[in-house]
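What follows is a set of notes on a single structure, which appears directly below.
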Amino acid sequence: MVWKKEVRRVRDRQAAWIGSRLYQEGLITANFGNLSYRHGEGFYIKRKGEYLDPLGDLVFVPLDGEVPADASWEWIVHRAIYCETPHQAIIHAHPVHAIAISFGVDEVLPQDCEGELVCPRIPVVTGASGSTELAQNVAAALADAPVVIVRGHGTFAAASTLEGAYVATSAVEHACRILLLLKGIQNR
Amino acid sequence: MVWKKEVRRVRDRQAAWIGSRLYQEGLITANFGNLSYRHGEGFYIKRKGEYLDPLGDLVFVPLDGEVPADASWEWIVHRAIYCETPHQAIIHAHPVHAIAISFGVDEVLPQDCEGELVCPRIPVVTGASGSTELAQNVAAALADAPVVIVRGHGTFAAASTLEGAYVATSAVEHACRILLLLKGIQNR
Amino acid sequence: MVWKKEVRRVRDRQAAWIGSRLYQEGLITANFGNLSYRHGEGFYIKRKGEYLDPLGDLVFVPLDGEVPADASWEWIVHRAIYCETPHQAIIHAHPVHAIAISFGVDEVLPQDCEGELVCPRIPVVTGASGSTELAQNVAAALADAPVVIVRGHGTFAAASTLEGAYVATSAVEHACRILLLLKGIQNR
Amino acid sequence: MVWKKEVRRVRDRQAAWIGSRLYQEGLITANFGNLSYRHGEGFYIKRKGEYLDPLGDLVFVPLDGEVPADASWEWIVHRAIYCETPHQAIIHAHPVHAIAISFGVDEVLPQDCEGELVCPRIPVVTGASGSTELAQNVAAALADAPVVIVRGHGTFAAASTLEGAYVATSAVEHACRILLLLKGIQNR
């Protein structure tokens, strides 16, 4: 048990550091976005209305059964991902270029080296916020890809660590920003 | 009275934190923008020429009667909002995408999920800076919407807390930035 | 003399704070840009290769006569401004939108409220870096306007205080960024 | 030996400061990018997966012979540059505007004053990441120019100090950002 507490302390510290990076890089603004990591028979997730930077206390959500009222209202997506994939950590962000490019397409193919390495094919899925449909679509997409864009909404990145999910989130926005700049050059 | 002082201390701390976030997110630059919160028979507002980050001492403006000479010259808009709506806090920012998109339109309709949630219809109003006309237009618009764009000038967001006004300010700029990126993609 | 030292200390502190703001707002990058303030029979200016953030020790340049070898190589522009206008402080920055918009035009007219207030007409001048011609053109333009753009190069803002020059620098870039966004919307 | 240790301490401190600047200016995100400096018969370089901000411990790579397993996987490019040019320090970054502009061109010619001064001709080269071909192309280009863009990938800047390489990295992105803004204005 002491060991489990120590694991949580380390992960919380990492979560706080990554929350701050997401904010500094403009991948989230205000109190939007959330993150979670697997722990025991469930996962720790941001609370409703709390910030990723500075990161508020996380709340435990079991993989099955009742969910605390103050868990981020996107807990349903996080739970579906943990139930249906082996991922251990999830970051949900609202990066503007990834959101803008997602309208009218079903996938995004990076042309930059970093994007080709980290997220060579970025699926775009749909579904109302907080719906089971969205949860299923995101979880299914993350079985094959490290990061998915929910059309007009934002990104969900999943990995074995929060750091992996952060790197994928940063890479997808970087790739989409370059693609939008390229559209500007090529179509003129 | 001790209790009132404590309330002010908490709100001033929150105001300073939010001022710093507005600057970090690029929603304001230099000493532009201002904020206020309701208190007793009036409100505390930024002084003329002071910064939101770091936030200078605020000055008290009564809902009715004489106004201190060093109150932000947009006190007239803040007073109208407090007199005509139940809002308890106001943030005025100068975010570039919201300003750019406001020319030639009477409202802005976000297409991103965050915008649809926080500010599904963003009214655009006009009026000379510091004029009664502007004050009335902004106050009227904020009776129905959490945030309004003054054409070519900036945003006024109002809520029951400064935090609510900050989240709305951040959401409106996020929505407008995505809309401008979309215009770039779709019209080519 | 003690009083003069104290004045310098205050101004140096303000200069350091403003240097840091210029960097945070992206108005300068790396060690580009410089600033100076009038003092006695000359002015203090950034040294060659030093940074505005964190601000290195400034060096004294007399209004007339020999110039220290390590003074910023744009001392010639600063000296001309101090000799030919009543300004007491100067900031030279490299903001990208102001630079981009300056090609092919002789003046820039802001359409946003902040720009109309602070810099309603922004002259665009030319001249090789470090040349007497550039110095004369900038000084002449700053007799009538708080800020000027050197085509393809950057801005010179002058005022009675460094703070005034900073606010003008920030306002001109804000105005140019909005104008470029507007071009993107209107010409499609 | 004591002297050599002191040299390393100073350079590591400078490397950490520069890593932080690269992140603040958006020239790198997440853990992308790397840097190195010459030392004795080899060079110190970032480790795989480590961050430039905050900068992790660097690892020594000899100019010839076996390479530690945890050296940045771009050590091959750094080694080629040190073997074939007199440069003493290298920065590899992923700035979006430089990457976007590199598609379909063999060189980039800045139009801004800062770019004309620091990097008047920016070669664009190709080659798979980590390949000998890329290493040779980059090293050859850096014999004549302070900074090169690897198409769709990022920049390599080299100089006698890390500071020189940082200034060149910052200048090339600044120049490319202005060129892309100009394309937006002129082609409409």
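Annotations
Chains here go by letter, A, B, C and D, matching the order in which they are written, and residues are numbered from 1 within each.
The rule is short, and it goes like this: contacts are C-beta pairs under 8 Å (C-beta built on N, C-alpha and C of every residue); 3 or more make two chains touch, one makes a residue touch a chain.
Remember, it's a predicted structure, so these values are computed and weren't measured experimentally.
Touching chain C and chain D together: no chain.
Hopping across touching chains, the smallest step count from chain A to chain C is 2.
Between the two copies, chain B and chain C, the C-alpha superposition involves a rotation of 90 degrees in steps of 5.
For the pair chain A and chain B, the fraction of shared interface numbers is less than half, so the two copies use mostly different residues to meet.
Remark: chain A and chain D have CA centroids separated by 30 Å (rounded to whole angstrom). Chain geometry summary: the mean Cα position of chain B and that of chain D are 42 Å apart.
Within chain A, contacts with two or more other chains are made by residues 184, 188. Taken together, the touching pairs link the chains into one ring where each has two partners. The touching residues of chain D, counted against chain A in their complex, run 23, 26, 29-32, 94, 96-97, 99-101, 103, 129, 150, 152-154, 180, 183-184, 187-188.
Remark: chain D residues 21, 24-25, 111-114, 117, 166-167, 170-171, 173-174, 177-178, 181-182, 184-185, 188 touch chain C in the complex.
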